[in-house]
Amino acid sequence: MTDLLSALFLGAGYNSAVATLGAAYLGVAGGLVGTFLVLRRRVMLADALSHATLPGLVLAFLCGLALLGEGRILPVLLFGAAASAALAGLAVQGIVANRRLAEDAAIASVLACFYGAGIVLASYLQSLPVGGQAGLQRFLLGSAAGMLRGEAELLAASAVLLVLFTGLFAKELRLLCFDPVHAEAHGWPVARLDLLLLALLLALLVIGLQIVGLVLELALVVVPAVTARLWTERLGRMLPLAAAIGAAGGWIGAALSAALPRLPTGPSIVLVLAAIFLASLIVAPQRGLLAVAARRRRLVRTLAAEGLERPGSP
Amino acid sequence: MVLSSRIRDSFPLPPRPADPVSPLAVAGLTVAYHDRPVLWDVDFVAPPAGLVAVLGPNGAGKSTFLKAVLGLIPKLAGEVRFFGRPLDRKSGLVAYVPQRTAVDWDFPITAVEVVAMGLYHRIGWLRPVRRRHLEAARVQLDRVGLADLADRQIGQLSGGQQQRVFLARALAQDARLYLLDEPLAGIDAASEQVVVELLRELRATGRTVIVVHHDLESVPGIFDEAMLLNVRRIAAGPVGTVLTPANLARAYGVTFAPKVAAVVGG
Amino acid sequence: MIELADFLELDLPALATGTLAALACGLLGNFLLLQRRSLLGDAVSHVVLPGIVLAFLVTGSTSTWPMMLGAGAAAVASVFLIDLVQRAARIEAGAAMGVVLTSLFALGVVLLEQSGARAVHLDVEHALMGSLEGIVWLGARDFSALVDPDRLATLPEPLLRLAVVTTMVALLLLVLRKELTIASFDPGYATSLGIPARAIGLVLLVASAVAAVAAFAAVGAILTIAMFVCPAATARMLTDRLGRQIALSALAALLAGTLGYALAAWAPLLFGSERGLGAAGMIAVVAGCLQGLSILLAPRYGALARARARSRGRRSGEGATARGGVP
């Protein structure tokens, strides 16, 4: 318990504190980017892109090994991850542009094939007589504890930068999601804004790899936004709300993972987010299950009252 | 494309004896999505034979009316009777023609295969569609003037042709009551002519056809009766008595807010 | 060099298992694809993990049937949960799916790590990567084993399971083809005709869950998705007839399974490496490559054919529709 408290208040060592802060900022970025993606109805794209980082990660590791004699160089790994995720994004785009297969099929197939390629490469890496392959494991489910000091600092700094950058373009992205036709008619470069949104997503996913892990990063994007949607109808409120929920999930989840044994960071963050979602689903004032049930009961009562006045059936 | 009299003569619909009970009697039908009422206390009685238009502005609950009557979506209250009894779907007495936009026209299926679906309730569970079923389906496609296109994938047909395929499927069912959702929306003049002619033929053989329709102008030329909907039933009866300026203002004028809207805050 | 005994003991069972997994999932994938529910394969294969872990925690045993039941139940429950979240939160299906599948998978991982389940032969890595290579047929030394009932009875369990499941899936499609078709194409009309489209959709999902569970042990959670989507999508590019699509998808699944395994197991030998590559991953890659090829080269809907049709249309001065028909 005291472990948990100290982790929550950043007292569990420098690395852990930086990682926890980084996870919180990551949550903020996930909430912001996710809100736009949910409104653009493209949220499952995040699943394909995050899984598609795997072959890039392994290739980068292999390149580092071959050229520099050391596989675990974070900037190189992240560059590889970003490159292969971007390639996956292009593949999805290409399949959808052909118009024969729907976007869901495009996303599912690209996700699985890139991931499969990653596994093939990983199996090759494992057959090599060098150490350090375990360093890749943590990218699957995230591990704040396994981070080196420099890695934690890089993560936190890029998460902060990502939040600032997303905030900078919030107005334009709002326009894109709210009324793309109108935006296009008024001379906004809608296609380029879509690309910007994807670039932000890509950055988010790559930065989040070490904390959340590629298997579960989708949650970082979708859960805060969907939870915020339960509480409000207005985009202006949805953005800060999603950011706050993401921050809470990242912070508490990372702290829990640091304090408790055998709790990988990614699943821990996702479960905290899921708990917030579940509570919101039940108690949210307008859309919550309790509120809807109450209003429906009132509707049925009104109906019964009217039914009494109605003359008998024909 | 125009129906040849030969085809019609060789496949006449047998006339049915007049049914003393209405094909469709609805009382107090109420439907809500979540807590928002879409239909409120709608009564409706269909004539034993004839063409009935269901009219109303967008979002008035016209399509919902058909779906709720058929039990495709749950109703909050109300009673629906077909020929004096609750709906027995397997009897095939009631044919439903969904909106054309409700399905994926890229689906890998040919026109004749779609029409053969109208026979599925007769083929029975787990049995395959056989050659004779497809032959029977071809006959119905011929009635809507599409015999030549029977083996085309449905995505290669025009919108009007697709609508006629849907109609042929309902004809294959050989029902006594037809419920059509927007069959005349966005189709070419030739297809419209075929569809309207078929509707009249159904009426002539004693069928009742209920059509969700959006074009008020064409109503008097096609339909015998009409129901004007906007969540509640505004008016119903012979077309002349329904389409009065007062009724239309009530349906299309100021947004009709049932008093429940105020109660539930929707 | 490949020895016969090695082939029978090590390669054949793995190859057959991978191919059957591709076949079972690939056949069902046809209807998932047509219902635009390909991502449900994604969801179902993710929740297999928490299902297995929960079944272990409840029964305390690692025997096959409780785990299969647990996984199947979790998969079906997840489908209901997705539906509930979608309607309650009033969001699109994709977002609801994202919430449910990540939450349940995270739950599965945490349960696995926190409980004693990790000590037994369950672990996350296998769930994510698959372990096709672990499937061996001990004692099969020559071809006579293929006709020897005693030897056949010792075939590895995942292989037998998948053989049963694949047969059941094929029978299901054969018997319910008409019902699955109408329920996929026009559920409203189907229901109005007394054919319960929702129930049939559920049958499809339960079958998918069963196939995913059976495939899971061999190829892992995520590659199961490739099996669900890629063969069907490959076939979809090539034909407009459902019967042909199903047959072509089966062919693509067979090809992906055999070619994928062969590449993984034997291609490294050509380069003088003794260790094979991840076979499950390679099967997914081959399935994806087949799909990519068909997207590029399909005679009518392929990217090249469409580009050619467009340029021809432009030359003849009329806007030819890229879809090959009237929209």
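Chains here go by letter, A, B and C, matching the order in which they are written, and residues are numbered from 1 within each.
Assume a contact is a pair of C-beta atoms (placed from the backbone, for glycine too) under 8 Å apart; a residue touches a chain by one contact, two chains touch by 3 or more.
If you're wondering where the values come from, they're calculated on a predicted model, not measured in any experiment.
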Distance-to-centre winner among chains (Cα means, whole assembly as reference): C
Selected pair, greater C-beta contact count between A-C and A-B: A-C
Centroid spacing, where centroids are CA-atom means, of subunit B and subunit C in whole angstrom: 40
Separation of mean Cα positions, subunit B and subunit A [Å, integer]: 45
Interchain centroid distance [CA atoms averaged], subunit A/subunit C, Å: 25
Subunit B: positions in contact with at least two other chains: 34
Multi-chain contact sites of subunit C, meaning residues that touch two or more partners: 36, 90, 236, 323
Subunit A residues counted as touching two or more neighbouring chains: 100, 292
Partner subunit B, residues of subunit C touching it in the complex: 34, 36, 90, 175-179, 181-182, 184-186, 188-195, 236, 239-242, 245, 323-326
Subunit A-touching residues of subunit B, taken from the complex the two chains share: 25, 27-28, 30, 32, 34-35, 37, 41, 43, 45, 76-77, 79, 106, 260, 263-266
Partner subunit C, residues of subunit B touching it in the complex: 34, 67, 70-72, 88-90, 92, 94-98, 102-104, 107-110, 114, 117, 120-121, 123, 125-129, 153, 155-159, 169, 173
Subunit A - residues contacting subunit B, complex: 100, 292, 295-296, 298-300, 302-303, 306-307, 310, 313-314
Subunit A residues touching subunit C - in the complex, by the definition given at the top: 38, 41, 43-44, 46-47, 51, 94-95, 98-102, 104-105, 107-120, 122-124, 127, 137, 140-141, 215-216, 218-219, 221-223, 225-226, 229-230, 262-264, 266-268, 270-271, 273-274, 277, 281, 287, 289, 292
